[in-house]
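Note that the chains take the letters A, B, C and D in the order they are written out, and that residue 1 is the start of every chain.
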């Protein structure tokens, strides 16, 4: 298996939604395959419209560069080694909320992107979702 | 209520998946709000990658022009009154598989886009999904 | 193995170049993975500039919809069932010259796109390249 | 001669691959002509998918502005004279790894873009490749 299936993606999204409800924030949650193509998505009622695209791009970012999206942000600040990398690949997001999803052996199965709250909240929901893997 | 909520979107997607399994075709199913913004999405295991984007655009088409996407296609043929309309709004799809979702009083709540099989199959799955409204 | 490696891609490109030289036409040859991402590419000296993008899009088309690109074109003509599909997925090409590359068991490993000559020449070069698999 | 030919491009890519293997990093290497159009490309096995586009854009950047891509980055920082230049020309990359390729008399023949490792590694591989000119 080199890509997570829909059942797994739905389980992660359900876990993410539960974590989002626990903190009382409406989130957008996207799951993509290793090529960044969408597998499953939900926008919780009341989530900001603009966060939809942010969630999709966070997931894509962590699929194409299998790292937490925030790791790119540490390197892409003004004066940093990859300043401006967000302008590649059709538009990336380099703040937190994107996480690669990997099998036990390290194989990248896809990525998750969460957006809707404060960045720390987005990260917490993404991490909670991944625990359902 | 002017937008379908996530619970409704999920119910439509579940009904669409069931209809897709009944005919043995892996489908992409997208639900968008009246502004064409994604609410929920699933790619069934084995669906063609290229159909992901087609499903999203069918849904967007039927949200922005609240008609079956095929209705645009009848008018957008060479020599037709809206020839080339597909190039607007960032890219539309004018063949079947997109349907507006409306309340009993006719208010548009969003739209569904289905892609993965023959066009008639896509349309059948979209119609089956909408019956779950 | 679910994606062709660079060695295989280079072998296909070399075979394609040889076939192109045999018919005396300068070709662009692109090899992509199953997600449509570029693996290897060459533009033979003198090939038309505009054919570069055409070759890349033919390969992407046959990766995202694992069919000869011409198969889409049969269905996407005015009045056809998927008229206008070229406007999806960031721009597809639905005439001949794109072919999926599959393993013996049918697994899609990627796709090739060839452009530079008459369409029949493009198709012939793509087919010759794939024989080197 | 105003453009490097495919034979030269292939020689540069081979030299780049050898340098990449020496440091044990899978690289994407792109060679473009003076107009930024692709001449040859390879993605070494295991290179990050997202680096594909970065390599292509680095090469394009150093073709359209015949400078090391990092030279633009020095000027494009916040407060700098060309802040935001990355958003032009369909998307540029202003960190290291792009280099113009020039003849002995200074004529620009094209450019190379390398991406896959740390920026210094990308630059080292690009420089090693250009020595094969």
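What we mean here is this: contacts are C-beta pairs under 8 Å (C-beta built on N, C-alpha and C of every residue); 3 or more make two chains touch, one makes a residue touch a chain.
Since this is a predicted model, take the numbers as computed values, not measurements.
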item	value
Rigid-body rotation angle, chain C and chain B, from Cα fit (steps of 5°)	95
Higher-contact pair (C-beta pairs counted), A-C versus C-D	C-D
CA centroid of chain B to CA centroid of chain C, Å	29
Distance between chain centroids, defined by C-alpha means - chain C, chain D (Å)	25
For chain A paired with chain C, centre-to-centre distance based on mean C-alpha positions, whole Å	32
Interface hub residues of chain A, defined as touching at least two other chains	34-37
Chain-level touch network, classified as line, ring, star, complete or other	other
Complete list of chain pairs which touch one another	A-B, A-C, A-D, B-C, C-D
Chain B partner contacts - residues on chain C that touch it in the complex	34-36, 61, 63-66, 78-79, 81-85, 87-90, 92
Complex contacts: residues of chain A adjacent to chain B	5-6, 9-10, 35, 37-45, 49, 52, 56
Residues of chain B defined as touching chain C within the complex	48-51, 53-54, 57, 73, 76-78, 86-87, 91-95, 118-119
Complex contact set, residues of chain C against chain A	2, 33-37
